[in-house]
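Chain nomenclature is as follows: A, B, C, D, E and F, assigned in order of appearance, with residue numbering initiated at 1 for each chain independently.
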Amino acid sequence: MKKIEAVIRPEKLETVRSALAGIDILGMTVTEVSGRGRQRGISLQWRVGEYRVEFLPKVKIEVVVLDEDLGRAMNVIVSKARTGERGDGKIFVLPIDNAVRIRTGDEGENAI
Amino acid sequence: MIDAGDTTWILISSALVMLMTPGLALFYGGMVREKNVLSTFMMSFALIGLVGMLWLLYGYSLSFAPDLGGVIGKLDFLGLMNVGQEPSDIYASTVPHLAFMVFQGMFAIITVALWTGGIVERTRFSGFLILATLWFTIIYCPVTHWVWGDGGWLANLGVLDFAGGIVVHVNAGMSALALALLLRPRRGFREGDPMEPHNVPMVMLGTGLLWFGWFGFNAGSALTSGGLATNAFVATNASAAAGAFTWMLLGWMKRRPSALGAATGAVAGLAAVTPAAGFIHPLVGIPIGIVASIIGYYCILWRTKRGIDESLDVWAVHGMGGLWGALATGIFASVTINSAGADGLLWGGGLQFAKQIAGVAAVAAFAFSGTWILGKLVDVTIGLRVKDEEEVVGLDISQHGERAYGGILP
Amino acid sequence: MIDAGDTTWILISSALVMLMTPGLALFYGGMVREKNVLSTFMMSFALIGLVGMLWLLYGYSLSFAPDLGGVIGKLDFLGLMNVGQEPSDIYASTVPHLAFMVFQGMFAIITVALWTGGIVERTRFSGFLILATLWFTIIYCPVTHWVWGDGGWLANLGVLDFAGGIVVHVNAGMSALALALLLRPRRGFREGDPMEPHNVPMVMLGTGLLWFGWFGFNAGSALTSGGLATNAFVATNASAAAGAFTWMLLGWMKRRPSALGAATGAVAGLAAVTPAAGFIHPLVGIPIGIVASIIGYYCILWRTKRGIDESLDVWAVHGMGGLWGALATGIFASVTINSAGADGLLWGGGLQFAKQIAGVAAVAAFAFSGTWILGKLVDVTIGLRVKDEEEVVGLDISQHGERAYGGILP
Amino acid sequence: MIDAGDTTWILISSALVMLMTPGLALFYGGMVREKNVLSTFMMSFALIGLVGMLWLLYGYSLSFAPDLGGVIGKLDFLGLMNVGQEPSDIYASTVPHLAFMVFQGMFAIITVALWTGGIVERTRFSGFLILATLWFTIIYCPVTHWVWGDGGWLANLGVLDFAGGIVVHVNAGMSALALALLLRPRRGFREGDPMEPHNVPMVMLGTGLLWFGWFGFNAGSALTSGGLATNAFVATNASAAAGAFTWMLLGWMKRRPSALGAATGAVAGLAAVTPAAGFIHPLVGIPIGIVASIIGYYCILWRTKRGIDESLDVWAVHGMGGLWGALATGIFASVTINSAGADGLLWGGGLQFAKQIAGVAAVAAFAFSGTWILGKLVDVTIGLRVKDEEEVVGLDISQHGERAYGGILP
Amino acid sequence: MKKIEAVIRPEKLETVRSALAGIDILGMTVTEVSGRGRQRGISLQWRVGEYRVEFLPKVKIEVVVLDEDLGRAMNVIVSKARTGERGDGKIFVLPIDNAVRIRTGDEGENAI
Amino acid sequence: MKKIEAVIRPEKLETVRSALAGIDILGMTVTEVSGRGRQRGISLQWRVGEYRVEFLPKVKIEVVVLDEDLGRAMNVIVSKARTGERGDGKIFVLPIDNAVRIRTGDEGENAI
């Protein structure tokens, strides 16, 4: 089992979600986060002039998948979240030792 | 002769109607997504500025100056010429002419603001400002003159519109529909994206302020303080109450009594009673409100099914509400309530009912087609719709360079 | 004879009192948890609809129509019969009868809305609507008649209640207490779950609107414009100011000057000065407000220690505030301020003080016991409390099928 | 003789001005960071309590009681002595003296609240309360007496200030600047930390309420209902509209039309027209608003470049706006509008223009230096600035022990 | 050391927190998240009819524990967060390479 | 590659961000979280008396770094986020299996 953490543009969430659903990956957890990378913040209007905000709103998707689904899931995310502009975000893959479905108590791969 | 009590009433009513536009900004702003809140607010606030000035400069003259052929006012009142601290010869003889002028100006502002509800979350701000200027000049001022101007052809015909069911609500509602059709739906609308209201308490607060301000709108339209203003006040509250409660029940029959529904119903009731408030028995406000909510409810159902993204339902709630109210005036009006009015269908006034139909039809047709043409004109020249990326990112950032709620901070 | 200045005053006061109910929705809505905001709002907004209609249909008649045995009004004013644009023979002789009627109607709405503060976050909406209807009919209308109706037994006795300290605040406060005891605490209340206010600025805005509207409530109750209305206006502001400042200091003595505390104190001061505003010297508003905050503060302390979840302290702030104000009227009232009033204890009017005690006691006992019985009745039939799971998930979702703040979106 | 229409006008105007202080709390509160919202609110709300009481106790007397040497009022009106339901001999002869008193009291409250905008996010609450008390007593009451008190030296000189451009806006603006310089910038201000407004819709709502309330502020200052009040009303709306629109365009020229900018411009226009509204032709409101926004815009630019953290720009918007408006009064005033006024520069009234300069200069100098001294005094004794850690954690927690928005909950 | 990430129903947070405190696990970090799984969103009322929201509010609890406490902690969470209905959530276990207590600079197991 | 998860005081975010930028670590993802540890919540004022809030606002910084940057990054965070008082927070280090830059599709170390 692996955990995919993808930080993407908020406006891409819906596209990514439904594309993942298309390959039968339904479970996921989403968090509103603020990010900074090559796309270095944004300048916003104030009463006069502008001020700089260092962090931009992003969305973090966490999906735990079976090892065999990992590649497919990542491909889907990369292709659907891409605009080609700075700020498209990152995908990180983390190892998972175990998983439990709270409702049933199922452990390991059965829990996904 | 100026009466201090009447003047106080018109001044405070003007202030109340002014407050309705910020109220509308909240009402609309709470219903859009977080990325478009300020854009939605600005479509109202910019108009308090823009129309607020244009009204003084020429709008009042086009609407209320001595008549030219039944269709428009002359330029006698240009730049407030001949509009001073003394009463007008024609309108509202117990208050300063300036008071009547500014009271009417507040109506102009909110009417333009109303139809912005049809095209939120996708309209280019620059195109919008041009369109608003054109619409105000070419649609609003003439229609106002027709119905309320001394010598306007609908006024001459005897069409009754106490506080703007036709001038404000049918007018704005049909215009919103035309523009929504022209601009096409928001991205994701037809795909069933949720478009969840980002802040319903903000909608409720807006509703409260609208309701509060509407007392000035309707009861102020008596133009004097006294029995008639009171009658309109009570009818207004009755219809709003009935509208709110009815819409709540309609939602409940399907599933649950929703707050958003109750707020919508209140506004439907308020819009519908607007043309009638000073002509009907106050209790008639109740059936007017009930029917307004039923009509509004099913109109929204219909337009959603047809895939029409008239986003915040100006047509269904205001347009159809105002239409129903104008017809209801032709049914329930009674000269025992207002001797300057007429008897409706119920008291044998079939002709009045026909006149009301004519008035509504004329304004609806003119507003719809005129607005469509103006919108098209702006769209092909300056552009009325934002680019796809701008829409996706949100109009607060793309049109106004700011965001509603500040984030991660020291 | 209708006076334009007076009519303007009553109409705008009616509008101000109407605005208090949305203000109360904000005041209460900001203090509950996020999952129950809309539910809390709807307990106020639904009443603007429901009571707004019932008042026209029969409530005004039960309250103010010619007297039946000192306890209730007859049906002469059913459906606004005999209530028209002319002044009433009995009440408010310089404004249209309809204006007096609608002004009083706004009081009915907010009184019912007030006690919802005692039972937020756990009340079933359907049961609540039934209870509100019963309470309005069986508690509110009679009590109003007793105190303010021509021929009501407490009016005959000479009990003074300028703007509703007894009719509104004692009444609603005792009712809230009865219902809170009946419904038992929210889940987690006794376990010490935080129940943190979800939005204190919303509470502050609500406080601002309540304060603003209260000028209509209290000064409007003079029923004419002029010296008496002004006296009530100044006394009201003085008491609110003193209440806000005092509560702030009380919190500071223990730890810090809290905004929530200042807001609560303002409302306590406003509630307490309500019965007195038109009978006392305006400066007396200051001690009334100070004492109201002290009483309210320690009453909350007491009820919290006793594990009573009268959630938003309608009893402590309004009930006990109104009680104190009614007694203070019996102490400080002076005929030099209002010749239609009486002299209080301070000016030798010991009897008046006794009358005030009698009036408060009668209404408090009736409201508490009557409300308890009505609540029980609704609870055992339709059910007045939501299921545990519904409470846990929150009432916005479970009762209204919606949520206040929209989330993760395209 | 008391006139009901006039009294209604002054009472409702008082209520409107009262509402401006909660409006200001929203306007300011939306612009600060989330950790300082309640602190910002409390600097307004605490004053409604504190100044609300002090005004009754001695403030009104110092400001408006019979004159002592042109600089201060005597103690004749201490504790509302000689201030009753009858009209005053001197001021506002058609309304109860108490009504004039309370109307003026609302001005005192908001003037003190205004300058808090200069020192948000870093001021110690205890020190602030002391400073507010001193400032009210030593700066506000004398200045009011000078300009508006019968026998005040600036009034005797013939300085015109219709509704407080000098008394309120120049006064508060210069005081805010002095305090901002004294207290030094917020941590991170000079380092360019964003200090992003946490809730712009809250700012917009505040703007709406301020605009609404300003009708009472300016048009109420006619002290009677009728032509003059109406003139002031129309001029006020014109200037606010022009100010809002102009600032929006200024921002657009650099980048985008911002909502925060439009809101700021509206307030600049409102502040600037305040001294002029009852002396000028209503249309002159438009150029007054336009110039006010241009001045305000460049003043903010200047003070930001200089690293001055006059945080919410009370000086640039109110101070400089009020200054411009007071001079504009000396340019555009005309006795054809208000026979109690004077002719300005444009109509040959060069002397009047000089008087206006004198009035502004005297008050600006007194306010700046007096406030600086008072602030220093409080700072070295009790302390006017919070500790670094308190500032970092936020004033809501550190000064008031609470937070605006509740969090993770059951 | 392991990191437990449990996505649970918001209304269970308090129960879980105090049960963990009962076995002396006090440190934790909580985030409001939006989740989707077998429980596929919720339909909410609109002016007329309803609309579907794909994501439901959940709460994510992150607790870093010593290996020996892992089992107990998971048992507590599973038992306290369960209702038996869809949407009860998941627990994931992730390996941790190192931990530092910022206040003291303590590293590794001492930091927990 | 390693992922650093640092839970710190919100008021330290700006200092930490700019210190990390100083050692050329620009990419990061930030989340507003609520935490509990030795610093056991806070008591807040209510109308009367106080109530206890179990969780305090914290900020979670996630930074994925190359192995060679790990030590430096952690040192910077520890030194900049420290006040010496309870509640300074924790740093956790997690292994990362893979990373992808969505914009380009770059994988592994190139994606950071």
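The working rule: a contact is a pair of C-beta atoms (placed from the backbone, for glycine too) under 8 Å apart; a residue touches a chain by one contact, two chains touch by 3 or more.
As the structure is a computational prediction, the values presented were derived from the model and not from experiment.
Across the two interfaces under comparison, A-D and D-F, the one joined by more C-beta contacts turns out to be A-D.
The pair from B-E, A-D or D-F that reproduces the interface of C-E, where over half of the contact pairs by residue number are the same, turns out to be D-F.
Chain A and chain C have Cα centroids separated by 51 Å. Centre-to-centre separation between chain A and chain E, using Cα means, comes to 18 Å.
Annotation: 49 Å between the Cα-based centres of chain C and chain F.
Taken residue by residue, chain A touches two or more other chains at 11, 14, 30-31, 34, 44-46, 50, 53-55, 94-95, whereas all remaining positions touch fewer. Shared contact sites, meaning residues of chain D that touch two or more other chains, fall at 3-6, 8, 12, 188, 193-196, 199, 205, 255-256, 258, 260, 392, 400-403, 407-410.
By the touch criterion given at the top, residues 11, 14, 34, 42, 44-46, 50, 53, 55, 57 of chain F touch chain D in their complex. Contact residues on chain E toward chain A in their complex (touch as defined above): 2, 6-8, 31-38, 40, 54-55, 58, 60, 74, 77-78, 81-95. Taken together, the chain D residues at the contact with chain C in this complex read 2-8, 11-12, 14-15, 18-19, 21-23, 25-26, 29, 37-38, 41-42, 45-46, 48-50, 52-53, 56, 79-80, 84-86, 95-96, 98-99, 101-102, 105, 125, 199, 202, 205, 399-407, 409-410. By the touch criterion stated above, chain F contacts chain C in their complex at residues 44-54.
Touching chain B in their complex are the following residues of chain D: 3-6, 8-9, 12, 16, 33-34, 188, 193-201, 204-205, 207-209, 211-212, 215-216, 219, 224-231, 233-234, 237-238, 240-245, 248, 255-260, 262-263, 265-266, 281-283, 286, 337, 392.
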